[in-house]
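Structures are listed in the sections that come next.
In the two complexes below, chain A is the common chain; its partner is chain B in one and chain C in the other.
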Partner chain A sequence: MPNDECRLTGTQPPADAQSTIDNRQSKIPRVGVFVCHCGINIAGVVKIPELLERVGTMSGVVVTKDYKYCCSDPGQQMIRDSIKSDKLDRVIVACCSPTLHETTFRNACGEAGLNPYLCEIANIREQCAWVTADKDEATTKACGIVRTTLTKVVHDQPLEALTVPINKRALVVGAGIAGIQAALDIANAGYEVVLVEKEPSIGGHMAQLSETFPTLDCSQCILTPRTVETGRHPKIRLMTYSEIDSVSGYVGNFKVKVRQKARYVDFKTCTGCGACLEKCPGRTESWFERGLVRGKAIYRLLPQAVPNRPVIDAKACIYLTKGKCGVCAKVCPTGAIRYDDTDKFVEEEVGAIVLATGYELFDATKLGSYGVGRVPDVIDGLAFERLLSASGPTSGDVKRPSDGKVPKKIVFVQCAGSRDSTTGMPYCSKICCMYTAKQAILYRHRVHDGQATICYIDVRTPGKGFEEFYKRATDDGIQYLRGKVSKIFREGDKVMVWASDTLAGRKVELEADMVVLATAVVANPDGVALARKLKTQIDAHGFMTEAHPKLRPVETLTAGFFLAGCGQGPKDIPETVAQASAAAAKVLAMFGNTRLTHSPTTAEVDEEICVGCGYCERTCAYDAVKVDPARKKAAVNAALCEGCGACAVACPSGAMTHKNFTKKAIFEMADQF
Partner chain B sequence: MADYEPKIVGFLCNWCTYAGADLAGTSRMQYPPNMRPIRVMCSGAVDSVYILRALLEGADGVFMGGCHPGDCHYVSGNYKARRRMVLFNSVMQSLGLESDRVWLRWISAAEGRKFADTITEMTEHLQKKGPSPFKEKWEV
Partner chain C sequence: MTKYTYYPGCTLYTKARNLDICARKAAEKVGFELVEMPSWNCCGAIYNAASDDLAAQVGPVRNLAKASQLGDKLVTLCAACHNVLKRVQNRLDQPGNEVESERLKTFVDEKYERPVKVLHYLEVLKQEIGWDNIKEKVTKPLGGLKVASYYGCLIVRPKEVLEFDDPENPQVMDDLMRVLGAAPTRFDFKAECCGGYLVVNRRDVAKSASKKILDNAKAWGAEAIVTTCPLCQYNLDKLRAVTDGSIPVFYFTQLLGLAVGLAQDELGLEHNAGDPVGFLKSKGLL
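For the complex of A and B:
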């Protein structure tokens, strides 16, 4: 700006320096401004000598210095020396973004005896030198940015970082393979873990799978040792058939209320003999078997369930709905049936929470033209896993649902709801290419003369041994047809598939005995609801958002919550396990400390002004502000306060202040023109 | 008015728009130097009086950037900012003041291009409009 005079207005300490809010020392501040060249990144555009000269005339600035790389050891030493020799009580470093080196320079100031919160960064690289080509314009803008920062720094108060104790117990939500792995890693390091699972037994979707790609090892065989270890681990408190009711508190000190659903079976008395399972006449939909068979009202998910105890589905139980029957109670040799069971609430205190809430499959009935729900022989990938599984409803024989015949021709449809922003989800579900290849191979293992056709858009095999596995599928005589499927319908006892072959440039009509859809992986709806309850971030599709997509992939922006597994995004088993161990490592890194530090730029109340109107309390998203009804004064719980500043804006009387973001400071920063 | 350069005060939320502005820099996307950034923790922490004050003290425009709806680092701060802006705009309009001098935009940490484009667009918009009449009105 040509008419910029670089003058500093209104930054002199106020006359009423004794005011309770603004009690900074009444003397004139002594600010040192250190300008970094960043090699030629800043110095190549911003005229450093001119900037130093103009900044040097600003009120409060007693020393200006420049250096090629301020973040280097000699650069930091220059700042430390200057703080002592020039008796500085405020420091500005004009350099790169504060996200990069704010901590570096604040620590350097702390080493020289200056309170770290009296050091501010003027971002003249990312937001000036790199975005402005004209040297004069860049120099003027840099000057303006330093001046704004100067206005802030003279208002800054010395602050002490808060520390809070850590409760070294962890909560893991979800006991699929992600939750199991995280729980075992934390427990094996010697810390207690509360593992909460909403289903009656642990293992998650992995327990439904037949064999796993690309090694074709049996899912049960690799999972059950882990589930058994989890069930027996002295440090793991397993709470199955339970859900998170509420979470309060803050990192290091969460209070969790867990709702244990009524099981109607006393787990301590029950021996898991299974007599009740044989006799129960009640029938219901089986989630675990994907609707392929009707389940019983008293059930366990699988014979190797951990814990190996059944529960009663109250909606399907004849005794609980009609008051007659009671067969299970009659046959139970230990008298473990409790028809009067109710939901119980258990309170747990933990320091860290791992969210491993997992995935569900996209509701394929939304893909109207694919015939799901109308054509019985169109099933999804997980249902086909149950058909392939030795412990499934057909004991591993591939039989189609409609008439139990062995299908001689199966069409596999990939991207059913994935990569489809019109009716499905816009993203790639990542695992379908591989599991479809696996299912086709396994089908051919079971039905030697069976024909498998896979309709695909692209085949994506980025993983160790994945491309080789895909090659194995094509070499095995499995037909790959490139093109999207437009319609699936029934004709006689056949299922017709209309597709296109984009490589040959023609439409095709396929006649099949059965169709398997590789439906999109979506975030588990219960996980989405939980994320909303916990106020942790989710993306547009309900997947939980990591703190940084590259550098903080298992943390969330809410301190103390960590992510593992498909709740964060679609991924295969090895990746899930790796991420779960990473989340456990983050929890353990936290538990390695005795206390946690918390940013001190929180809200604070001036009780002399506060009238207890409660606007702040209603504004706060963290329950950090509470009004004492007797005293009619608001109080901030600094450990809960995340320092957003919303309450300070909501406060009609000006009693609430956001530390180091005071209204006075921002007013003056806005006055800069 | 050939040499008129609008002055813009920008309130950038720390988690999204400030990071978006950093990304614009890292990607070397050029935009006019008319905006002076002020880093705030959240768009929900920008009081309407900050905007008024900036306008009265000589800014030709005020830019406010926050996280996209649903993405607020502080759960709901951007919704608070949005509600406040609706009210603020209606007050401005009822007083016959130009509400298009105050822009609220959602710019995520991944949207460096959008940040650069928005600042360019706003600068050009204010260039066309001419200097803000606010500051003169306070000459008694």
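For the complex of A and C:
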């Protein structure tokens, strides 16, 4: 056993040896240890009486108590009472993970007059009871965890929480339905919102959809009132055709640099008459129409676009690439065309950021056996939405891309890439079962003698009215075939589908006029790039990670960043809207304060020792440490510091330390084992 | 000129002479030499998936051990040999498999000196020589001949071990054909089963499998098919001879040889079914 300065010999010090409030002066600590049973989570494995007995003999511990649920009100009261009656100056709660209840117990200590940062959690649930089967082993381990925490708590210093002012403006990135909803909610509460969208107009993927499940209301009809409201809202500053260049600062005080891409059309002069769109001879791939038709070089995504101003695709524009043409400038009645337009940068200051960067469909050409890019009549779900949409290239008539014939047989393929570890997308894309059923129903509405077959692995309908909608599809004569599709290929003017029928236990070959793939939902690649730039967490598939999967679903671990929509994971429209409103509520809750508190357990520099080598600055993931080149000293911006401790580890001279996590304490803790 | 240890395998000495001859001569034209490994033995023919039947791996292990004494790379051409040798090599050198690997090595007299990288001829062309260098050596471009590249199963699967190309939509041979001046067509059946050994006892199955491949190539407008595997070539070529003579089947090495200027008698066209000479003449390539 190490020589431990808190490991005092002799008997318990008298209760009146020091003040309970003036912790700093405590030479002989008075620690109370409270062991939580967590129902049977802990008590079912760890022998509580034995643990209490062994902990009671540890030096510095003056009282040990246990309770069934320490986090409950009586449990907290027990701790508060004990702090006063036993004159405690340090508290350890042996319970669940600190991510769950550290704040709870620290607040309880604060209420009893103890500095909250003198309360530590010994995690004997996740790190002990849940992962240890043998009771004796678990009890010994719990004892060790408490002893280690005891070593730390006696080193702890009382700290005061930092506060910073809040700039009560919000930035919303992405103006799909998630971004629109979040922006409207925040703006309607009276706060200014900067809404940034990379496309020329807002609405996102929802603007591409035909009708929506399970009610079959028209996507445009429910979306356009929102886009119009967003465009006109006096509190919303809309920046379309713009991208986030950089974000600096910290929660409550971000500085955002937005790049407004060159539109080549003067926003103020243009009236959106559309004369230029008629005459433009330049052709390009149309993202919005999913490659079904060639778009023009000067374009707007749809006639109902908000804002209703076209932009020029510089790569496709004949004038900008070859120096001749100029037709749009000639026909424009207001002279709004600006061939010399350039990208512009705008700086905005905001206090909170909502990331609503959305999704894309997986590039199905990577599914080699499914023939996308090879067989023209194999398309993805969004392309089929455009075929069904009244504002789509066929005005809502279902015509196949290769020859414009009306397909009499369509095979829909679910889980095209999803739920498949070999494609790197083992997750369920969640929306496909429902939208495929919807597309099959809508197809049968349009083509009465059409036959729709849906190849599925499972049909998943967990949502209000979803199962009934699925029943409606099966009642409508839509054939459901359970089995994975192995191959899609062309034979004459037919598309052949090889699949297994796992209910009948045989291989089947289906002949179709057209195939629609429910390709996997993936995080929008631009959103992934932005998340990397902002250093906010993403999971293995590029979806942004919430701070807690159950209790903090719209926050991120980086303070001030909130999540909404499919950038966080695949979800349907109602769920997206609900999440966007939740994110807005979190922003508004923050804006309800005058100042923000920030944990004081940050890094700090001992300037006497620091030589300004800069290791800490390079290590910091939050841009919280900067070295002053003139003074050759590092300085920590406490408002930005998340207290991860990386800089303290990197510091070769030992100048950088982490408050209440000093090297001395850590080494002594390690020595306990 | 870089020299590579070369493992031809039995079929390339018998039925698939036309795969082998052009490969060796074309190699010299594009700038490398295939040095045949002395006293090679059977590759094992089929990779034995039984994990406890180590004796079945002895043949390929001996070949690999001999190759390891000659260098760190072994070039194969027959898709079946490549599949077996690559997978056994993977088993020998796989981290965590040291105990089995040592046992396997004790079965042969030859010492396994070092890990051997088993490379298919196409991999040598792509990775070691490079498409640009091959393009420079093309003296008789293939004049936009519409070619469907047929890979079969053995050269692409299992993906994790063979690490050859996307098993569902491989591209290597298409890229090579483009370099040689041909126009690779789209093709849905690049790696679909040709019927394999079923041609021995279930000829009808092999026939129907091969017919699908030929029909699909034709549907995409292919004028010829290129293959890399003797068994695929056998099934497609022989079936073609009985059902439909309009679409000839070549080994990729034959078209490579043609493009880099081998003489007509060096192409082994007499081993192909039908009238390949007449076909190539009609396209102005001979």
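Note that in this section the second predicted complex is superposed on the first by the 534 of 673 C-alpha atoms of A that agree within 3 Å, B and C clash if a C-alpha of one lies under 4 Å from a C-alpha of the other, contacts with A are read in each partner's own complex, and residues count from 1 in each chain.
In this text, a contact is a pair of C-beta atoms (placed from the backbone, for glycine too) under 8 Å apart; a residue touches a chain by one contact, two chains touch by 3 or more.
Since we're looking at a predicted model, the values are computed, not measured.
Undergrad: A:535 in the overlay: touching chain B, chain C, both, or neither? Say first, second, both or neither.
TA: Only chain B is touched by A:535; chain C is not.
Undergrad: Tell me which partner touches more residues of chain A in the superposed arrangement, chain B or chain C.
TA: More residues of chain A are touched by B.
Undergrad: Check the residue A:589 against both partner chains and state whether it touches chain B (first), chain C (second), both, or neither.
TA: A:589: touches no partner chain.
Undergrad: After superposition on the shared chain, which partner residues are touched by A:492: those of chain B (first), chain C (second), both, or neither?
TA: Second partner only.
Undergrad: Taking the superposition as given, does A:161 touch the first partner, chain B, the second, chain C, both, or neither?
TA: neither
Undergrad: Contacts for A:667 in the overlay, against chain B (first) and chain C (second): which applies, first, second, both or neither?
TA: Touch partner of A:667: chain B, not chain C.
Undergrad: Quick one: is A:144 in contact with chain B, with chain C, with both, or with neither? Answer first, second, both or neither.
TA: Once the two structures are laid over each other on A, A:144 reaches chain B alone.
Undergrad: Touch test for A:646: chain B only (first), chain C only (second), both, or neither?
TA: So A:646 only meets chain B here.
Undergrad: Touch check for A:368: first (chain B), second (chain C), both, or neither?
TA: second
Undergrad: Would you pull the chain B residues touching chain A in the complex into a rising list?
TA: Residues of chain B touching chain A: 3, 5, 7, 9, 15, 19, 21-22, 24-26, 28-31, 33-34, 36-42, 44-47, 49-51, 53-54, 57-59, 70-71, 73-77, 80, 84, 116.
Undergrad: Okay, in this complex, where on chain A does chain B touch?
TA: Touch residues, chain A against chain B: 1-2, 97-99, 123, 125-134, 137-138, 140-141, 144-145, 148, 535, 537-538, 540, 545, 557, 601, 619, 621-622, 642-646, 648-649, 658, 661, 663, 666-667, 669-673.
Undergrad: Using the touch definition up top, name the residues of chain C that touch chain A in the complex.
TA: 166-170, 186-190, 192, 215-216, 219-220
Undergrad: Under the touch definition given earlier, write down the residues of chain A that touch chain C in their complex.
TA: 366-369, 371, 374-375, 487-492
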